[in-house]
Amino acid sequence: MSTYPDYITALNLPLKDKAELDEDIQEAYDFLEENHGLIPNILKAYSFDQDKMRPFMGLYNSIMVAESELTMLEREMIGVVVSSINNCLYCQVAHGAGIRGLSGDPKLGEMIVMNYRVAKLEPRQRAMLDFSVKVTEKSYEITEEDRETLREHGFSDRAIWDIASVAALFSFTNRMSSALDIIPNAEYNYLFRTDPE
Amino acid sequence: MSTYPDYITALNLPLKDKAELDEDIQEAYDFLEENHGLIPNILKAYSFDQDKMRPFMGLYNSIMVAESELTMLEREMIGVVVSSINNCLYCQVAHGAGIRGLSGDPKLGEMIVMNYRVAKLEPRQRAMLDFSVKVTEKSYEITEEDRETLREHGFSDRAIWDIASVAALFSFTNRMSSALDIIPNAEYNYLFRTDPE
Amino acid sequence: MSTYPDYITALNLPLKDKAELDEDIQEAYDFLEENHGLIPNILKAYSFDQDKMRPFMGLYNSIMVAESELTMLEREMIGVVVSSINNCLYCQVAHGAGIRGLSGDPKLGEMIVMNYRVAKLEPRQRAMLDFSVKVTEKSYEITEEDRETLREHGFSDRAIWDIASVAALFSFTNRMSSALDIIPNAEYNYLFRTDPE
Amino acid sequence: MSTYPDYITALNLPLKDKAELDEDIQEAYDFLEENHGLIPNILKAYSFDQDKMRPFMGLYNSIMVAESELTMLEREMIGVVVSSINNCLYCQVAHGAGIRGLSGDPKLGEMIVMNYRVAKLEPRQRAMLDFSVKVTEKSYEITEEDRETLREHGFSDRAIWDIASVAALFSFTNRMSSALDIIPNAEYNYLFRTDPE
Amino acid sequence: MSTYPDYITALNLPLKDKAELDEDIQEAYDFLEENHGLIPNILKAYSFDQDKMRPFMGLYNSIMVAESELTMLEREMIGVVVSSINNCLYCQVAHGAGIRGLSGDPKLGEMIVMNYRVAKLEPRQRAMLDFSVKVTEKSYEITEEDRETLREHGFSDRAIWDIASVAALFSFTNRMSSALDIIPNAEYNYLFRTDPE
Amino acid sequence: MSTYPDYITALNLPLKDKAELDEDIQEAYDFLEENHGLIPNILKAYSFDQDKMRPFMGLYNSIMVAESELTMLEREMIGVVVSSINNCLYCQVAHGAGIRGLSGDPKLGEMIVMNYRVAKLEPRQRAMLDFSVKVTEKSYEITEEDRETLREHGFSDRAIWDIASVAALFSFTNRMSSALDIIPNAEYNYLFRTDPE
């Protein structure tokens, strides 16, 4: 008898199968299946209203996939640090897998989930994550001094926008997932677990 | 010598004037000027990268403007309650004005900014705002019992999705505004201030 | 149907009209009506026991009205910063109006209510408000170093006493107002709202 | 070499000896010396400005000494519970002695300083202290339901005013004492320490 | 270049190899190697002072290994819930592996690390973990009512002792590990990761 | 009618009298009676299971009694600072007495219980207590920088281990005492109260 919830969300919504969706969404699903081997459950949860799903996917891609000074791994790291503060199962499971996959370093995924301060990160990344913590916990206390610290670590103002955007995005998805009990695809738990050494 | 910052954001970004923007964005600006009398500064901040602005506007509209069981006033109320917890100047100023305009009740705007618990709201709205507070502060503690409370107040599961979405959206915009020091258009401070009595 | 409570306090107390009060209190009422155009509801709440009202008025005046290195505007700013942390409707409404009136700058009132850190204040005032936040949230962590910082900004020891006194006074009034649901005079919401520009 | 500060306050203020004070204050000092055996250091700290001392004493007496449904011991208990949350040395030392003296039960003083929840109090007193904790920590969340709980324990609305007043008063004095490092008279530490059994 | 610290503890202490240790400790090491395949790094950290290691091992075994109404899996679950609140890398990594091994359910390990409230646990276990959270965060607010809730779920008073003991033990080990930067054996990260389905 | 609980613990456990205990425990009791004049109630609470009591006593002695760079008074001070944060009656009462006895300075005991920051401690001790506060409240934020601060105050790495151990030990005992309502021996309240001056 499993302890893992067997639903996509605790809400009772008219979720749609792929075949019922519009063509552009079906193509996005195809892309995800080919490149990631699964459709994230958060998209399946959004399938009850494609007019809500589209801008959500758009925002996600404009922050997590678009060109940026931040590597994709760095963006995943920010996302998981924020999700750890918010104790969000979905985002820690899904993006913890992302860190393991992008870094090839499963132990890094665990450290970012559990306490990123223990990891031996370069100062630039540490500053990026410390800023993200402040955005998450006390955004109203952020001042020019905090932004200046990032600049001293080599981040451009556009990169600062991107750091804030990732932290803000997970502030959004963490709350959607936890408030509506959206459950991560079980597969994520097992991805990229092999010891590389 | 004014104490009000005279910039749109503290970041140094290549912001674009309306004439430099793509046609679809120009049309959106036209709509906003006609209907609200101004272009919100957060959009002007996003003007340095229209590929980021579009999905942000899309998400915003899909949550705040789209059809919903929640009235537009109720959505503004959730937004301001969340923004008050996060001490976000931009969103309290802009959406405080929204509450004043939609309700025709300036004192309601002040109460939602300062402490919504004092306002004499119907129990359904009070439950909606209490849930939003929990989404904001302790989303990881939300359980089926919390969602059930909303259902008992007459909210459908789709409306619960919408409540969570508004709270999550302002969790996003609050952090963008505070982390990047995006300043609300000065006009918002003065809108809908006349005593209706 | 208004959302604004129509009582002075949620407690059932034998409140007295002006005519029923002692002469010295009537004179104080006269002064307030002439100079501020209203009798603050917190005094009306205290009217059930004039022996309690007198020292409360006395303490208030000895801190907020008496001679001080701090301007009256600065004292109102401290009061509203404290009241914002405590989410006190009464004091934010009443003293937010005070800031608007004394400064002639309605936007300053909004910034102090919502997040004073955004306002472009002189460093001396910023230090004064940061100290007041610490007095409000973690007074037990205040050390000589904190007082020394104020001195470096030019505050005398007597001014430090006054800063602490204002923060302490609003720690008192915030709790009275919120615990007993004392409602600010509706008029405060509308005072000094005109754009000076 | 003592670890106990040897000053009355860390501020450098022109404190006055009894002989330098106005007659009414000298009389108050006489009363305190006769009845309590000492002049509380907080009054000595206020001696630099008798126009501030008078209303402070007045407020204190109108809350802590005036007629009330609450016994003086109950008022001291509220004061110490609030002061324990605020980690205020002055008020815990001085009013802990007050509890020991009024109750004849030194162990009660220790429990109220350290964790009042362990003490075997009557439900009425427990409710009074729980309410005071909420006034201290989250006054903005107090609702009619909280006041109704007090009424169910037999408190009149006037007694509720008094409970809130005591909690608010110590919110004031705790911050004055901690922010200005006002040190309690050493004698308080030793008063009423004898085991009555 | 690994991000995983390559030391056992950040302190510079004269750690001893197995061959340098007393016979009884060597036997304990033998037992652990045979049964768990490794010597936990926290013991290696303690090797600089065997007189400290012995009672630590003794306490650990008396709580985590001794007879109890609580299964070993349940004790590991409490330990990881506490460690998640304290963001302790060592204990989440090591005892997360423990949950995966004892339950044969890797996803359960992830849920307990990330947010146990999502897991579909029996009410008895949920009550046990909720109590442990309160012991961790606000032990001073625990009252007879909390203990009574556990009894209603079938726990004996001796089992309540054991629940408190596990939560208290991890309150100890979390702080030792984090304060002294004791790093979990890398192997733990990879143990029991295979999908059982 | 006393407010002090008349039980040793709120749990219903088969506590054993001295005569029923094993010889080694009886000897430990003898030692405590001779040297401290009482058997601490926490040991009496453990008497229901001597196999749990032994390693607890062993751990306690290996931290609080064993050789250390830290004096016994310093260890008691750390213990009481931690216990004050956790509002633990047992440990504040018992170890507050310890501070009074070891220092011969009753006022120091009160300051450490109420707010150690007021005491005029040498910088080395202040750093030791500040570190202990961080271990207690935010152990996961401790970094090499914090440990380096202790080294600069003259603490060896072994002494840092000892500081962390004392803070961790009281994190354990505070939670046992509060969760299980273990009541300190009444005598502790009265020990070492005499004014030495």
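So that you can tell them apart, the chains are marked A, B, C, D, E and F in the order they are listed, and the count of residues begins at 1 in each.
Criterion: contacts are C-beta pairs under 8 Å (C-beta built on N, C-alpha and C of every residue); 3 or more make two chains touch, one makes a residue touch a chain.
Being a predicted model, the structure only gives us computed values, none of them experimental.
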Touching chain A and also chain D, the following chains: B, C, E, F
Between B-C and C-F, name the chain pair that shares the greater number of C-beta pairs in contact. B-C
Regarding the chain A and chain E pair, does the interface count as same (over half of residue numbers shared) or different (under half shared)? same
At what distance in angstrom does the C-alpha mean of chain B lie from that of chain A? 23
Could you put a whole-Å number on the gap between the CA centroids of chain B and chain D? 44
Residues of chain C that touch at least two other chains are 87-88, 115, 140, 178, 181
Each pair of chains that touches, named by its two labels: A-B, A-C, A-E, A-F, B-C, B-D, B-E, C-D, C-F, D-E, D-F, E-F
In the complex formed with chain F, which residues of chain A make contact? 115, 117
Which of the residues in chain E come into contact with chain D in the complex? 140-141, 143
Which of the residues in chain B come into contact with chain A in the complex? 10-13, 48, 51-52, 54-59, 61-63, 66, 86-88, 131, 135-136, 139-140, 142, 144, 147, 157-158, 160-161, 164-165, 167-169, 171-176, 178-181
Inside the complex, what are the residues of chain D that reach chain F? 2-5, 84, 87-89, 92-93, 105-108, 110-111, 113-115, 118-121, 178, 181, 183, 186, 189-190, 193-195
